[in-house]
Amino acid sequence: MTDLLSVSGVSKRFGAVVAADAISMSAGSGSLISLIGANGAGKTTFVNIVTGYLKPDEGMIALGGQDITKLTPREITRLGVGRSFQIPQLFSRLTALHNVIAAITICGDRGWMRLARSERADVLDRARGLLDRLGLSQYQSHLPKGMPGGARKLLDIAMALGTDPRLLILDEPTSGVSIDEKFSTMDTVIETARTEGRSIIFVEHDMELVARYSNRCIAFLDGRIIADGTPAGVMDDPEVRSRVLGQALGQAVDHADA
Amino acid sequence: MEQVIAILIDGVIYASWLFVVAVGLTLIFGVMRIVNIAHGAIYAIGAYATATLVGLGLGDDAPPWLSLVLMVIAAASVAAIIGPFLERGVLRWFYGRDEMVLLLVTYAILYILDSLMLTVWGSSPYYVTAAYGVFDSVNIGSLSYVGYDFLLIAVALAVGVGLHVYLAYTSRGKLLTAVIHSAEISSAMGIRINRIYMGTFTLGVFLAALAGALTSPMISIQPGVGTNLIIISFAVIIIGGLGSVYGAAVGALIVGICRSAAVHIAPEIELFVIYMVMVAVLLVRPEGLFPPMRVRQI
Amino acid sequence: MMRATILKWLAAAMLAIVAGFGLPGWMLLPLSLALANALVVLGLVTIIRTGGVSFGQALYFAAGAYAAGQVSRLFNSADAFAAIALGGATGLVIAAILAPLLIRFRGIFFAMLTLAVSMVGYGFLLNAGWLGGSDGMSVPAPTYLGYAPQGVWVTRSQFFLCAALALAAGFGMMALFRSSFGLATLAIGQNEIRVEYLGGPIGTIMWIAFVIAGGLAGVGGAAVALIIGHVEPEWMFWTRSGEFVLTAIVSGSTSVVAVFVAALFMEALHMFATDMFPNMWRLALGLILLLIIFVAPDGLGSIRAFRRFTTKRLGPSP
């Protein structure tokens, strides 16, 4: 059974900086993986390489058995990888609805289909459905600048979903979202994706969300993967605790034990 | 051989006043990120203003060198009036917007300035002849040149050296260089960006008007004088690198000598050559020969 | 297309027929020119949607005009339809060849490059003796599939030709703007990275936009050449490209109707102002432009009231 995503020996250097160091991992379909690590540890580099924005110096990436190492983000998206960004990449002068319509039609329409009306019934239904499921219906006719930050994040994710991906990669989906909304955001996103059979990889800093929403966690440090396992297991790993989670958390846990 | 010398001298003369125009343009872009498509119109206004001042100030028995003084006064007046007015009154409302938006704003300004020129000076050509006879002819080999042409070279050198000294050695100049590298960081470090913008724009306007004033004896001053010049100026600063003073000098020399060569050897292709060089540079090395180092924006 | 839209275009066609028969020649002439210019601007606006302001559309405009002039020499016939077809094809082919080079650039450099390329063309035309050099060349009066109009019918036929072209282009471009291709052009202009990550073929879409613009400009140029009866290198000068850009600023890049309104407005302004205030119309134009850029940088077409008047949309939309 071929893995959905397989990364082997991927390395990337920017001059003297090692952004990725012999990264290897694989994920089957149905995965729910979280990526953790300090800023600059290589999580976003990993995402950029997997989605084709950066080309690795060494190593290979395969999607469903197909080598995608040399492909562009455009081609990789077409093969079924959807991505959301740390800073939402939206179309600033289109309404939320048209943002999603754009996502659906740009990805879905090919050749002569591109001459079909963008606002045709089936596309409208799908777009409205997506907005609805992510709780964005009220912003349907709003421009991104008229939406709160959390809603913009969700819109970015809605657009990624609009490409009908088998693998959804979310870069810090809850950063900038207010604390009380973090859970509802993740609930919505994970629920939506899971019922549609999509696999999810998400970058996250909040350990509570990691514990709650992923069944596998990969920890990055200085461009390397230092731990890969269940969230509980990874958070117990001594190197992870001292180098990634920080002394404070470690001490807090120790005090709780004492 | 003689033709080569002729080409070089003509090229340098043309390059000289081209440099004075283009360096103002490149400074305005370097500091303010504005492509001032109205720059040619300011050149024209400098020429018109000179014609008027010379017409007013010189009686039949006035010394010819007075016209040179009047040229500088004309250019300075144009700069003093138009510079701050355009910068504070018009451009300021669009700061922070996309570079293309500002280009279109200067394009609208061009229409306004063209209209004002027509209203004030009409469409018949003006001529300024007095100054041309100030200097004696200069003979190089068997070639004879009007001494005035070499004044242009002297002025260009003065402007070039002056700017170099100003930018590299004076504190004000170093501030300007900092802003060219990054306006955002400069502002965050306390540099009064607004004052710099006004000063730079006025300086650019002054240089364009000065070039117009100085070359007024060489041309027939009429509407449309600026529209050809602006594109050639673009060619100069693209070749040299947007925002670079040294680039403007090199670009002016390249364009000047190319044009001169074309004029002497194959006059019909004169304009063709310059635009082809501009296209070539844009395709191969769009940042120009001496792009000023810009802080990398994350 | 929605039925309502088709009906609106039919109504416009009726209006054109009535105007063609009812209006005097001195009104039909500037109307024809305005419609021909609108074609060029329609194409330019398509390019602007993808994020670049082309300052060189006059290249294709003038190329189409010269092609129209050459039709009679090449085919021994002054047929208007042949001239238009050849003009459009010329603009289209030149655009198809140049586009791959030009679309690699953005922002100021794109504007500069398109400008410079058109000026190379201008330089070429000045020296092209076989095209008349700096004097330009004459364009014989057009015939329409054998019919050679006389008297007021000369102007009337020109108007009907321009109106037909405008209606066809307008209808087609409106459909295109509303299509998924049209939405993609807007998306590219607003966030290229996002379009990449949506699987969008940016290069192809921009190339197509360019080619369409070249074809429309060529058709517009041919039409104007047939009306004026003469073409010269100045038609390729950068200021001509600039006029197209000005009209595009006024119209914005979202509404086809706005393009026609803007083109008519500019022609009207030109006509009345040059009569009454020959020096001031440029001043007025400059000030109007500044106002538009300041208040509604997306042009007239983006203003709510105007949009509601022209089409029923789903709220604030592209």
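As written, the chains take the letters A, B and C, and residue 1 is the first residue of each chain.
What we mean here is this: a contact is a pair of C-beta atoms (placed from the backbone, for glycine too) under 8 Å apart; a residue touches a chain by one contact, two chains touch by 3 or more.
As the structure is a prediction and not an experimental result, all values here were calculated from the model.
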Response to the item:
After discounting chain C, the chains linked through touching read A | B
Fill in: Innermost chain, taking as reference the mean of every protein Cα atom displayed
C
Discussion item. Just the number, please: Cα centre separation of chain A and chain B in whole Å.
Written reply: 52
Worksheet entry | Whole-Å separation of chain centres (CA-atom averages), chain A against chain C | 44
Worksheet item: Taking each chain's centre as the mean of its CA atoms, how far is chain B from chain C in angstrom?
Response: 33
Fill in: chain B: positions in contact with at least two other chains
none
Worksheet item: In the complex of these two chains, what residues of chain C are touching chain B?
Response: 53, 101, 105, 107-109, 111-113, 115-117, 119-120, 122-124, 126-127, 237-239, 242, 245-246, 249, 278-283, 285-287, 289-290, 293-294, 297
Worksheet item: Contact residues on chain C for chain A in the complex?
Response: 1, 175-176, 178-184, 186-187, 190-191, 193-202, 298, 314-318
Worksheet item: Can you name the residues of chain B that touch chain C in the complex?
Response: 35, 90, 93-94, 97-101, 103-105, 107-112, 114-116, 118-119, 227, 231, 234-235, 238, 242, 268-269, 271-273, 275-276, 278-279, 282-283, 286
Practice prompt. Enumerate the contact residues on chain A facing chain C in the complex.
Written response: 51, 72-75, 77-78, 83, 89-95, 97-98, 101-103, 105-107, 109, 113-119, 140-141, 143, 159-160, 162-163
